[in-house]
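Can you keep this structure in mind? I'll have questions shortly.
Chain IDs A, B, C, D and E follow the sequence of writing; residue 1 opens each chain.
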Amino acid sequence: MSKINALSRKSKHGPKRRWGESAIHALLFLLSMVPIITTFGIIYALFAETFLFFQEVSIIKFLTGTVWSPLLVPKQFGILPLVAGTLLVTAGAILIAVPIGLGSAIFLSEYASPRTRRIIKPLIEILAGIPTVVYGYMALLFISPLIQKVFPQANIFNAAAAAIAVGVMTVPMVASLSEDAMSAVPAGLREAAYALGANRAEVATRVVVPAAASGIVASFVLALSRAIGETMIVMLAAGATPRLTANPLESIQTITAYIVQVSLGETPWGSMEYKTIFAAGSVLFIMTMIMNLVATRITRKSRRI
Amino acid sequence: MMDQAKGQSRARKIKARLFYLACLSAIIISLGALAVLLTDMFIRGFGSLSLSFLTSFPSRFPAKAGIKSAIFGTIWMMSLTALFCIPIGISTAIFLEEYTGNSRLAAFIKINISNLAGVPSIVYGFLGLAVFVRALSFNRSVLSGSLTLALLVMPIVIVSSQEAIRVVPRALREASYALGGTRWQTIRRVVLPSSFPGIVTGVILALSRAIGETAPLIMIGALTFIAFVPDGPFSEFTALPIQIFNWVPRPQAGFHQVAAAGVLVLLGIIFFMNGIASIIRNRFERH
Amino acid sequence: MKGTDVTEQARVSIKNLSAWFGEHQVLFDINASIRDKWVTAIIGPSGCGKSTFIRCLNRMHETVPGARMKGRVLLDDEDIYKSSVDPVSIRRRIGMVFQKPNPFPTMSIFDNVVAGLRLSGQARRVNLNEIVERCLKQAALWSQVKDRLKEPGAGLSGGQQQRLCIARALAVEPEVLLMDEPCSALDPAATQRIEDLIFELKKNYAIVIVTHNMQQASRISEHTGFFLNGELVEFGETSQIFTTPGDKRTEDYITGRFG
Amino acid sequence: NAGDGKGLSGQVKIDGSSTVYPITEAVSEEFQNENRGVHVTVGLSGTGGGFKKFATGETDISNASRAMKDEEKAEAKENGIKYLELKVAFDGLSILVNPDNGFVDDLTSAELKKIWNRGSRVKTWRDIRRSWPDRRIKLFGPGTDSGTFDYFTKAINGEEDVSRADYTASEDDNTLVVGVAGDKDALGYFGYAYYMENRDKLKIVAVNGVKPNIKTIRSGKYAPLSRPLFIYVNKKSLKRKDVRAYVEFYLKNAGELVGETGYVPLGPDEYEEQIDRLPKP
Amino acid sequence: MKGTDVTEQARVSIKNLSAWFGEHQVLFDINASIRDKWVTAIIGPSGCGKSTFIRCLNRMHETVPGARMKGRVLLDDEDIYKSSVDPVSIRRRIGMVFQKPNPFPTMSIFDNVVAGLRLSGQARRVNLNEIVERCLKQAALWSQVKDRLKEPGAGLSGGQQQRLCIARALAVEPEVLLMDEPCSALDPAATQRIEDLIFELKKNYAIVIVTHNMQQASRISEHTGFFLNGELVEFGETSQIFTTPGDKRTEDYITGRFG
């Protein structure tokens, strides 16, 4: 055959190519270890100090105590008020983000014209780009006074204002990811439903949303973990009062806000008070990890159907 | 039978209408929130936006305060963050999609990544503090900050790159294999170019997230008065969100305006990055 | 064009139908009529407008963004495009089965069959078990799935899924059944079974079937329409079209000179 | 990078209290304007965080809203860090109420203690003085990790970190201003500087019959709520030209700059005295 | 089975080939041989294993996760599955064209043609312009694209894209050309052009073409193999298979009784 072919045949067993392929494979393998190393790094960074903390404070009391006042005399280390504050804000945020985000996603994927969608979707995604410091001040200067107008007994710092701001902040995440999931639902399914005499709303609720469930749930989970981990908004708007309460009109403190408070505060490093932030950080980490594992389970299950 | 088939009952029609209205109000609320936020920022901050605002260092006088050091710090930090997270993120995505199949290792890495995606940003602050600031003695340098943020946004890059790689049609890979392409050649010449728009979108998404992050930087001690431009990766730095956070709690009302102007600049940068992303996307998707 | 002289027994009449996607016209002034209790086959090369044509018959065409049409489609002498007519009710009277089997993946076999009834809220007024059994039997699927009605429909084989989709279409008791290449994703045995099924169904319905398989068209249909580039080149009795086509292009296509 | 102006170059690392931060920031800004070659960084890690870095030699100067504690001194000693404590200003903690509050003009230390002490049962104004109305008080104060809180609890309640916990706390004094300004039954305490910037929105309360102002704070007449603010300087660093220049600049200009920030400067000769205390180069 | 008596001129010989996807066997003990300068057509109903068969001939089968095979495939008497043989070099010697035209969307027409050469690093050693012109001419595409070689390949029509893919396959100078239903996504005119092209190409190559169009098989091929359910039911000269099939199932299929 021709010259080229002779060349190609000569180079085909060439050790160089084989070597290059495996070198690349090895390199990619090494770089892929970064996420695993990161996880171990986080565990090390949190748990080493946490371990020292629990040599001084009973872990049972820590997990079951209902008063958190490590910086007040008498010091008490019950993490529950911080956990409650975190969950209160998260729950409120989800109550806002899920319906608004999902509704927006359905509107974009089922009702809006492609043109409208092309314009609106990036606009909504901008909301996700606004630094959360800004939402924090919105919550304090704009949302909180509104709340006080409706509920005069509300504290100027309250969980509700923070929750609303966190909710608004996570709306774009839910909207954009859910919309992606819904757009990915095969056109065939929509057509099948239309052909059976379904109207648009029925197609959306009975066919598209269930078929996109795993993606939608994934967006909820992401919103949830962003809400749990949100720091600046709660720090600015929810107050700094650890309190075991379910009343969203009261001032509370979340785990994240506590961590920032201490890391900017006057507590001597290395003191037991300072170690509380590692213990609190560990609780936060474990909370989000459990949530993620559960969510992975759920999405995997709904994907199987 | 004809009666049933007559069509939608009134109730169905009303329900459909209400559902439509509910979705419509959801989108209006979303956009309304955006409008309120942006308007508020504009009203507060627009007056302070000027060339000297961009070219001055921070000051205790709101009228003189500027964001030069913050802008340079942010540029430094974003560049380094991109430098770390893009190659590692894309490599990991390639490895997971093209090399591992359904192995245990792949499953383990994937679980790790989805967990990391949910880890609160402040926890990355602990990591950055313990590992980069202390153990590796990078102190509170640009390097520490960008490594921390790179790890923080790495899952976003990985997952979106994975998705972009996954949707490259099998037919294209087969075409390459059938022409005698090796695995890496196929990835390099066919898979990566085709998934490029998706990867760029993911990277921009990740960097937009990184650029507004405050909490992890506070954790590594970056909340600092800095009136100089970083001169290397080991230089101390400040960044836009940090500078905003520094100004907002001040007693003088002037600083609140300056902070709002800082937010406008930050939004402008995010806008600009998204604009570039969509240009790249359109350019490549047309092909 | 030949063979439009069958209007008198027509269930569906198509008058001067044209259709567009955006600016791109894909159907040009189609006239045809669909007879009750007959199978009408639509053949033609890929992209000639077969799918678009039958999607105009139950107003599915308009669900595509940017798509529009002109002309009239009469179902029992009533124009289904009249503004007072609800497209949703039309789709209920004119059922459709698609090329790719598309059972609802989140629903069980049982729920798939009654999905149409549930949507319209009729489910409460009727005996669902009975309907599911009847429709699955009609679709020749009952014996294979009767013990696993609660399992997801996506777990069935391709041919079974397609029969499930047919059962689902039958459950809303349509008057006309449109099928867009229902066998093209199926193996020979499954194809055989669907063909037998069509033979049964035509006793009660007017059936329109798009197919790229000429042998299939000649086996199962009474009427055949041949489309080319958006035009209905020829429409008439199947036996006549396949033996003495009136148009050179039809002949070329049928004898496999292209397509 | 040889530095212009006076030709100095180098890096001065400062960290510590957020209370002292505005003063050091002002000094640094002016210093940087004159010495572009020197990179001054002022962190905000809190007094404790600042001392931690100071005691390991990471920083040259530490801002402090309190004196160094024994364990912190011990750590510095262990690391061989010798240092100089310099007083740079006074801060007066102010007690504030809403301007619509017509009845509270002054409070005594005892009344404050009654309000703020651990386990306090004061719920309404009436619980403080019989003549005051029977409305709920809304209490605002800094977060438990701030220097202001530490100082206030020590001065009023007698022991550091002893306080009632059921008040509205925020780390951010500015949001406390918002809180007190927004509620007519509010009472709060925070730094004098924040009052100065928001005089129109707040009403200041005399303590033991003395209203805080520059004179009363500096003279100590506004007792017990005026406190000194410090910077700590590493002696080894002070041998460096850049650090020395910075510290001298600090003490020379503090008198003027402290006033701008809302804090209370020392008397002029007090700054002179401290310059003299600096070891000769 | 009939007609395996052509081994003497065989370019490719298939011996006892079986293939699986996971646990699912899709080819059963296939024996056949591909003659140089002849066109071998592979026909059979959908899912019978035609694609799997030709994908075993250039080791593309093994790129599918979970796929495996048994048996031998000899190219010029050398077993391509021998462990010392690099699959990459085999695929270079045995080119392939797919059912759906799949030009690389990110590359220009020019780059598409030379993609194979670039992959192997040969591009530097040869005159690319010459090769592009020759291959596009061979693929009967040159005259239509010579003025826009820098434009993206995806901008061409379906038929042009398919010819571009053929040109791309030719550029690496394979010895055997496999085509998996290359015309099924094309319109009649494009099909005609590809058939003409195959007629030209067979002067230099051994060609294997899968088709679902019996007429096409009879028009263009010298050899035909009929697959059913993973078995090669019949393999032999095309004229003989289409006139006097040796197997009842072949006859049923060819006369359109199923499929």
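Here, a contact is a pair of C-beta atoms (placed from the backbone, for glycine too) under 8 Å apart; a residue touches a chain by one contact, two chains touch by 3 or more.
None of these values were measured; they are calculated from a predicted model.
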Highest C-beta pair count, chain pair: A-B
Most distant chain from chain E, judged by the mean position of its C-alpha atoms: D
Whole-Å separation of chain centres (CA-atom averages), chain C against chain E: 35
Geometric centre distance via CA averages, chain D-chain C, whole Å: 82
Intercentroid distance (Cα basis), chain E paired with chain A, Å: 51
Shared interface positions of chain E, touching two or more other chains: 88-89, 92, 120, 172
Junction residues of chain A - those touching two or more other chains: 8, 17, 197, 199, 202, 236, 260, 263-264
Where chain D touches two or more other chains, by residue: 44-45, 49, 172, 175
Chain D to chain B touching residues, read off their complex: 1, 13, 15, 21-22, 24-26, 28-29, 32, 36, 39-45, 49, 58, 172-175, 177, 193-194, 196-198, 260-262
In the complex, chain A residues that touch chain B: 8, 17, 20-21, 24-25, 27-29, 31-32, 34-36, 38-39, 41-42, 44-46, 48, 99-104, 106-108, 110-112, 120, 122-135, 137-138, 142, 168, 171-172, 175, 197, 199-202, 204-205, 221-222, 225, 228-232, 236, 256, 259-260, 263-264, 278, 281, 284-285, 288-289, 291-293, 295-296
Touching residues (chain side chain C, partner chain A) in the complex: 58, 60, 63, 65, 88-89, 91-92, 95-96, 98, 100, 102-107, 115-116, 118-120, 152, 154, 165, 168-169, 172
Interfacial residue positions of chain B with respect to chain E in the complex: 101-102, 169, 171-182, 185-186, 189-190, 193-194, 196, 284, 287
Chain B - residues contacting chain D, complex: 57-60, 139-140, 221, 223-228, 231, 235-236, 246, 248-253
